[in-house]
Structures are given as C-alpha cells and as structure tokens.
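Take a look at this one; I'll ask things after.
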Amino acid sequence: MTTDEVKRRYEAVSNWGRWGADDARGTLNLITAEVVTRAATLVRSGRVIGCGRIDETPSVINPVPAAHHMLAAGDLPEDGCGIAADYLGIAPHGASTTHIDAFCHIYFDGRMYNGHPASLVRSDGAQVNSIAALADGVTTRGILLDLPAVAGEPFWDPARPITATDLDRAAELAGVEPGPGDALLLRVGREPRRRLHGVAGERTADGSLFLAGPDASALPWLHDRDIALLGSDGGNDALPSPHTRERMPIHVGCLVFMGVHLIDNMHLEDLHAACTAAGRFEFLFTVSPLPFARATGSPVNPIAVL
Amino acid sequence: MTTDEVKRRYEAVSNWGRWGADDARGTLNLITAEVVTRAATLVRSGRVIGCGRIDETPSVINPVPAAHHMLAAGDLPEDGCGIAADYLGIAPHGASTTHIDAFCHIYFDGRMYNGHPASLVRSDGAQVNSIAALADGVTTRGILLDLPAVAGEPFWDPARPITATDLDRAAELAGVEPGPGDALLLRVGREPRRRLHGVAGERTADGSLFLAGPDASALPWLHDRDIALLGSDGGNDALPSPHTRERMPIHVGCLVFMGVHLIDNMHLEDLHAACTAAGRFEFLFTVSPLPFARATGSPVNPIAVL
Amino acid sequence: MTTDEVKRRYEAVSNWGRWGADDARGTLNLITAEVVTRAATLVRSGRVIGCGRIDETPSVINPVPAAHHMLAAGDLPEDGCGIAADYLGIAPHGASTTHIDAFCHIYFDGRMYNGHPASLVRSDGAQVNSIAALADGVTTRGILLDLPAVAGEPFWDPARPITATDLDRAAELAGVEPGPGDALLLRVGREPRRRLHGVAGERTADGSLFLAGPDASALPWLHDRDIALLGSDGGNDALPSPHTRERMPIHVGCLVFMGVHLIDNMHLEDLHAACTAAGRFEFLFTVSPLPFARATGSPVNPIAVL
Amino acid sequence: MTTDEVKRRYEAVSNWGRWGADDARGTLNLITAEVVTRAATLVRSGRVIGCGRIDETPSVINPVPAAHHMLAAGDLPEDGCGIAADYLGIAPHGASTTHIDAFCHIYFDGRMYNGHPASLVRSDGAQVNSIAALADGVTTRGILLDLPAVAGEPFWDPARPITATDLDRAAELAGVEPGPGDALLLRVGREPRRRLHGVAGERTADGSLFLAGPDASALPWLHDRDIALLGSDGGNDALPSPHTRERMPIHVGCLVFMGVHLIDNMHLEDLHAACTAAGRFEFLFTVSPLPFARATGSPVNPIAVL
C-alpha cells in the first residue's frame, strides 16, 4: 500500500471530533450509565479474577523490568510498631507488565487522538490525552474471545495475523455479540506458548518481538462494533508487523484514530479457565489506572467478576 | 496503659488462626461469592467514581513524591508510528498517595499477621503476607461514613480522635449497617480542611503528622462487624497518637491482629458528593493492587460504582 | 537593560567557534599538558580533601533528594560469601547535591554552547554537549577564593551580589592570580550560614532560592582570565537574580557562551580550613563525572590535593 | 579444601585490628602524605585519562542497566534561560558499570571487615564500613599490570585463573615493583575479548559470569605487597570460581580480611595505550566515590594522569 492508502485506512475508522474537539476519552464515551448497570447484572457466581501481572524478571523481552526496592524491612529496630516500606519503579510500556495505554502513547504523522500535535507530549509530560483522563477507571461489560479455540490449538501462532474473520469466529464461539462500550479481551494463549517455547520464543532471530495479534483488517471490525477498550495477553498487534508502511496498525488505529484504549500483556489464563467452566464469556470488567497527571499509561491489574 | 494491657487489647480482636495457620488474606475471607453478587446489585445509576490520587508534589507531608519521568516524548523522530513512554517511581506508603497496605507493612512485638516473624520481611522483599495475596483485587460492598456530618462541620478535627460512638452515629446517618465483608470508608474531610489550612496544617509544630482518624476504641467496633477492608481520606489512625504505649493502634490492630487491609489517603470528595446526591451511601467497590510478588503495599485507584 | 543589551553582554564573552565548530569542551581546551604538569607540582603536603556532598534529606531546597535503596542487606542467607547491594537514584541538578553541569544543561534564546539548537536536547537525552565530553574528567590547578574573608564576615550575604571588584579582592587575599585553565572555586560560606539560619534560610518568603553568588558583572572578569571551570558551595549565581531580563547570568554566560563548566553545591569547608592552615590557596584539583552518554550533568565528588 | 582450611587462608591475610578496632579504611591507611606527594611526581606528560564506563545497555550481563531519564529537555518553553535536567538511576554492583566496592559489600561467615557483624548492613543502609569512609576519595600511585602481555595474547583467557606467578611476570614486564599504598590495576583485556566474542561470551552456558581474574593464590601476593586498592577491567575474581568452598576469594579476601577496596569493570584500554606509548606503567591515580552515607559502593570514573 502507498502511504496515502495507509492514511485513508486509518481515516476510515477515525472518531476525531465525534465527541467534540476537546474530548479525551474516545470510545469510553460509549460506556453510558445504562451500559454500566447492565454490566453489573452479569455478576452471577461472585467469582473475582485478577488479569494483571507485574514482570520483575529481566529478559530479552523485558529489558527494564519492574523494580521493587525495600526501604525498610524486618531487620530494623521496632518502636512499638514496626514498619516496612518499599519503592516501586515501573516503565509500564513494553511487552511484559500489564498496562493500559493512554492516547498520548502513540502518534501518527505528528498527530494524536483528536488531532492534537505530538509536540504536546513534552519531556515534562503529556499536556493532553494523558492517563489522567481515566482517573475514574473503566467499568463496563468485558468479553473474552478465545483465539486458540478458533485455531483448535493451545495457542495462536504469532506468524499468522488475526483477521476480522477470526474475530467473527471467536465471537461466535463465545456466544456473545460485541457492541458499543464493551471491553474486548483477545486471548492468544501467550502463557501456554511460553511454557512450550520460553520467553526467548517471543523474539525473532533479528531481535524483533514475535507476538500474536490482529492485523489491520481488524480495525473496521472493531470500529463497526464501537468497542470501548481492547485488551490482550499479547501486545494487541501482530508483531513483527506484516504491513510494510504500517507499524503497529492496531495501536495507531485504536489509540490515534478510533480513540480506543489498549491493555497489553494481560494475564488471561485464570479468566479463561473460569469462563470455560462457567460456559459464559461475558462479565463485569473494571480497570483503574494510577491517575498520574501527565503519564502515557499506567500499570494496571484489571478485574473480572463473573 | 501498661504494655501488657496494650497487648491484651490487640489480642482481644485477633483473628490469628481463624482461617488457618497459612492464611494470608484475613478478613478478605469474609467476602464470599454471595457478598460479591449482592454488592453487584447495588449498582443502580451506573455512576463510576475513582477514589485514588497520586501526589507528585513535594511537600512537608510528601517527602518522597510519586515521580513521573518521560523516557520518550513527542520531540523524537517518528518512524511510521511515534511512541511516547515513561517511568513511574512510587514509594506508596506515607501520607499522600492513595495506597493499600499489605499485612507485612506493620508488625508488633516482632510479629506480623497470623504470627509470622518480622524477620520474614527481608531486604529482598516480604516472604509472606505480601501484597501478592491481593492479586485478584477486592470486589465487595463499599460503605461511606461521613464523619464531618457527625460533627456538623466541614471536616473532622484531627485533635479529636474518632470513637466507636462516632462511628455508630455516622453509620446511622448513612442509613447502612456495616457487616461482614464490607469495605468501610471513613471520610474525615481532609480535602476541605486542606483548602482551609493548607498542606502545612497536616503537620504539628514538632513535625509529626496531624491527621484525623479513629483511636483504639474503634478496634472492637470494627472487629464486631467483621469488616473486610478499611479506607479513609486520612491515614486510618488519629495522628499524632493519643496513646502513649500504642503507636498507630488501628494500623497494628487491623493489619497485624484482625487481618484487615487498609487504604490510606483516598480521594473521597467525588464519592461523597455522589452519595449525598443519591441519598445512598453503599455501592459496589473495587480495589486492585499491582501484584508485586514481595511488596508491602501498592498504589491504588479504588473504584466505586453507584 | 533591554533584551538586546543582555544579548550583547553575553556575546561579548562568547567563545563560540574559538576551538572550532565541533568543539564540546569549551575552556577545558585551555588545560594544556603544561597546565596539568604544573598543577601536579602544587602537591606539597599530600593532604587529600573531598569537596562533594550527597544530600539525601528532603527539604524546601531539596525536593528530589538523592535516594539510596538497599537491594540486599545482611539479613539474607549467606552462601559462602554474603553480598550486599543497593540502588542510587540522583537528580543531580538543583541546590543540594554537588554536581557538575554539562553545557547542554542551559540554553539561551534557543541555543546551547557553540550555537547548537536546544532541540538537540531531546527527551531521550542530549545529542550534543552532554557530560560525556568530560569522560576523562578534569585535572588542573584549583584556586579557592574566600569571599567571606573579603566581607570580614563568617559568610557572604546572599542579598549582596558578588562583583568583579569582590573577586579581585578575594584573589588578592588568596595571593593567587587566576589564569587560563584554572578551576576557580568561590567559597561563599554557605555551611556557616546554614548553621545560623538553617536550610529554610536558603529560600525567600516567596519560595525562591536565596543563595550568594556573582552577578553579571563577574562575566567579563571570568572571561578575561580564561578560567576553565567555576565551582562554588553556593549555586554560582546570585539568587534570586537582581537582573530583570537575565535569569542566572553566570549559568547562561558560562555554560552557553564562554563554555565554562560549573560545579554547584560544593563542600568547601574542609578545603578552606586546610588552605587557611597551609597559607596556600592553590592546589591540584580533579573532578570526574560519571560518563553517561547523553546526560546534562553528573553528581561529583571533586578532590583537592595540597 | 575444607571450610576450616578456607578460613585459615583468609585469616592468614587478615588486617583486622591492624589500624585499630574502629578502622574503616583498611589499607587506605597506607597511603601516607609521602605516598601522595611521591605519586604527584609521576605526572610527566600531563596526559589525563578516564578509566570509568557507565553501561546503559541491557544485556545478559547487565540485567539492571544504568538508567538516564530526562526530566526536562529542549522542547519546553524557555523563560530567559532554558533549563534541561535529568535523573540517573544506578545499581552500581554487577559486571558492567565501573564501580568501587565499600567493605560492607561482602561478608564471610557473618562478618565484615574488622569483624563487624553482617547484621549492621541493614535494609536502611550500612551502619558501618559504608562508602562514606572514602568521602575524600583516593589519590595515590597507580600501576597498570597488563596480563595479556604475559600470555602473549590479545586478552587473558577467563578459563585460566591468574596466579601469583602471573602477577610477578606482569610486574616485571611493567618494570614497576608494587608496594604499600599502591592502586594496582589488572588489565585482562576484556574489551578486545568482547570485540571478538561479544557480551554473550562473558557468560557460561549455564548462565554464570565468565570473566578473567586472579584466583585465591593471589591473596598472599597482594597482602605481602600491602597494596591499597585493586582494580580491573574484569571483576577482580576468576569467574566462575574454580574453588569449591570459596566463592569470589579475591572479593572476600580483599574486602573482608585485608581491607582492600576493589574497582570492578574499569575501562583500561585508553590507559593501556597511553602507558604502552609512554613506556611507563605507573601514574598518578584518583578515584572519588559519591559519598552516600550508608551505601555499599559507588559508580566511579577513576582518573589516571601520566
């Protein structure tokens, strides 16, 4: 494709201006009070499942691991009440720790969501489109799509981009119709694949990330359904990208044009097991970023309640 | 009181062994599937409210502010897809940023919750009772108690410890009976007080923290009701402590003996306004710590859904 | 003064182009092999004195204190050889920890030393004029000028900017003629002043830094003598600045125009005592920054040998 | 060897008590005023060479790389004087960044240098034997021993521990007799080896470090000569250790028993080239740690002046 064709593809799914020039929440606007109250009715068994992980282990895919430093431990003198304390250092983006991307995380052709110039993401923080737009968190219906079930394999092959057709089939298997305001979680089976191929199997020979995810054909599919949030145990893009002029089309299409926030590197195995056991792939879903004023994202531990 | 009397007071509310010698969740065990499903029925209006704050401003009460460092901003060359990224550094304990305390945060007489020795909280992290016990987060009924309404003032006077009688009166005003598995949130009106007295007003002349909270008399009250979680816009203890031999009796009583997790420094003004407007002080409540394997707590952004 | 006059004042002391368009070392070029060998002959008594301090204490003038986190302490099991380790976090600039400024630390009218645009100091680090230019450190003659001796007081009054005349008088008292390649250290007696007025005395009522230092009149004086490095126990500028259109004229004049590196917040009391005892205010001086590839400065512990 | 034999070997080189029970400087006590003044006379050509490196690149041997975060870059509005600033995060120990070990870095059988218990290295920092003992830095004669020249190879084979005999031969080639108060620098040719085998060549198949260094037989040799400081471009121990009951005998012998500080991961290629060109392997040597009050070491950029 030419660069112009790429642009046109993005513009075809654009929501710029749809909720006004000052909007910073994108498709989260579709999570109406009614969507929330209906989502709460999905709580049936009272099973609560965390979907986040913190990766503290250095590896080829985790060059800046989450750091945990003790500041005071149990070896200090106790004065009526011993106190332990610590320090957490997290570079949330990358391929390891569960995090949510703010819109300011990605730009295309010098523009962020709703047309703001990339220059507003400054060395002292993002002046617009920061994670602070999610200070109230997100509570809505969550849907788990199980891609390995589509393939009939324990995990989705990263070399095969997930297409709109695959998503259709996964939704059919889940027995749920994704719609406006939904948090859509794509399980690619990264953990079973890692058990087989190790962390090293998530890199190509030339050092690129090698992770299963949708290709650009999924963008219109996501746009048509007006989902509010996209998550995955992978990186929400087929990596390395099969598109020559598009790098991470889901990241660009969702964060820059559609205004859909992304959650990368989720822990979905427990949720998958619970949904399978319950025979039900929809649930109440909550994610609550740390509301740093000018950050490009936040580590998160999303919660599903069945 | 003598040291022995202090110990007896704590032991009177102890839950050590109640859920087995290996238990690391304390009163979270009381959040049964039924408690969760009933909590979900409290969602009526679909109003979602974040109750967390990140304090990035150095001050006399915030000596180690949360740090936000940009690693890549909008000034870098863009290669088909511009990427911004950052680093977050957080020492969650203290009097400023909203955080949840793991049981290993506090010990008394060399012991943590369920009798584990403080020596298990090592310089490389807590071997037991860490925040990882909350990897699935907490979802339950939340109750907001408005202490300033009890006093008929815009905020509770930090010089006056909150007693069991005050809590009774606040529960009565809220029209809710706290019970097993509840997340109890005590609003002391810290933000209105800060607007009047500034951050400097949260310190005494000798440099101690000066924050409204319950005194030791509240412990049996909390224990009798079997609440699962205690939160506040203050520090969950009357500071400086009016007790000579007890330092932070709520922290010690809850974290060490009762096995009740604490959330300090919450942002409760929005929730208070919404509850007041709705005439309803109970709601669905979710808090999801970052599951660091050996940490003593986590910054959190708790979410209330009315 | 008008903005144009300010610019002219800076341009009058400019060394841009003097050592070529690619030069990144400025007046360090004046430290010839002969300057170094002559400096070594100043070692007479073999007395070695550290002139650096690390400020780990939060205060009104130290909002981001140097952080020291233990990663492994003596409480861990020992395996034939116990190992302790730690993490150091330092934001070197500011008014507390001893540090050296790279040229890229300051720009004026969008330009750095030797005319490079400020845009080359990017969110991923400085592409030019970084501290890496000092990877071999600086070894030269050091001269201590004792300003309080000029005033006949235990410390220099921050309200009174240090002028060229004051510097002349101080050099006369020191019995040394500053010249090309010298490291000139201006003692303003900050530590004795702090003992009297506390750290709080280093701030004005409106929260500005209040530190003794030279005003713009010192620039031609420094330029005429071709010194290579300027250091002080203060901040190397009279703060708050008495100049309306010039903010920190010594920082701008030295780092941007003259190409003179600055060392702020030195510990000069031990050196002052030793020089006074020896009746000699010149010595061998070494400062060796940590050679981060793209940093704007480095914490340092400069060494004087008498 | 039995454990008792290992202990006896260490005790044979012990300097505990030699400079009093409270001594925290070990063999640095041998750097007398006379040693310093004589070292200054070694400055002949005025050539100044930095011997430190900061490793900011994640790798198999650098799991916690030195971090450089910009806090303010050239993209921010300029107010009369643009200011850039940054943050440096360094875990100095390990196999990559040049650092000096404080005595508290290592203990054997629960004891540090001069017999202090390991328990004094607490989670809030070392109460004794910290790097603050080197607040005045170290200035003395430096000697470069070129081990590859002994082998007649471009680098020393890590599989072959360096023995006392090798050190004798290297000193003979250097034409210098190491003696009391010297800083002895052992060049193993790590950089030429890395150019051939890559960073991956510094690990064994099972993930251990694979670095050239002396074995335990070097301890009496070092002790007999009373050197004050030992440095290397490697890790100052043959790794993995050929000794079954001794892990890192040079670290234990030097830091715990002899009281000799160690500098690991030096950059010695420039110094080697300069010494070779000058036909002289002794020089003035300065290293100045950041004087953190309770740290176990410091990143350093040692300086040699020929």
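As written, the chains take the letters A, B, C and D, and residue 1 is the first residue of each chain.
The rule is simple: contacts are C-beta pairs under 8 Å (C-beta built on N, C-alpha and C of every residue); 3 or more make two chains touch, one makes a residue touch a chain.
Composition by chain, UniProt nomenclature: A, B, C, D = Cyclase family protein.
Given the structure is predicted, the values throughout are model-derived calculations rather than measurements.
Asker: What's the overlap between the neighbours of chain A (Cyclase family protein) and those of chain C (Cyclase family protein)?
Answerer: Chains that touch both chain A (Cyclase family protein) and chain C (Cyclase family protein), as defined above, are B, D.
Asker: Quick one: report the Å distance separating chain B (Cyclase family protein) from chain D (Cyclase family protein), using the average Cα coordinate of each chain.
Answerer: 47
Asker: Starting from the mean Cα coordinates of chain C (Cyclase family protein) and chain D (Cyclase family protein), work out the distance between those two points in Å.
Answerer: 28
Asker: Could you please state the distance in Å, as a whole number, between where the Cα atoms of chain B (Cyclase family protein) are centred and where those of chain C (Cyclase family protein) are centred?
Answerer: 45
Asker: Quick check: what residues of chain C (Cyclase family protein) touch more than one other chain, meaning two or more?
Answerer: Within chain C (Cyclase family protein), residues 64, 67, 70-71, 73-75, 87, 89, 119, 122-124 contact more than one other chain.
Asker: Taking touching chains as linked, do they make an open path (line), a single closed cycle (ring), a hub with spokes (star), an all-linked set (complete), or other?
Answerer: Basically all the chains touch each other, so complete.
Asker: Which residues of chain B (Cyclase family protein) touch chain C (Cyclase family protein) in the complex?
Answerer: Within the complex, chain B (Cyclase family protein) touches chain C (Cyclase family protein) at residues 58, 63-65, 67, 70-76, 89, 119, 122-124.
Asker: Going by the contact rule set out above, which residues of chain B (Cyclase family protein) touch chain A (Cyclase family protein) in the complex?
Answerer: For chain B (Cyclase family protein) paired with chain A (Cyclase family protein), touching residues are 32-37, 40-41, 43-50, 52-54, 56, 64, 66, 68, 70-71, 73-75, 78-93, 104-110, 117-126, 135-139, 245-248, 251-252, 284, 286, 288-303, 305.
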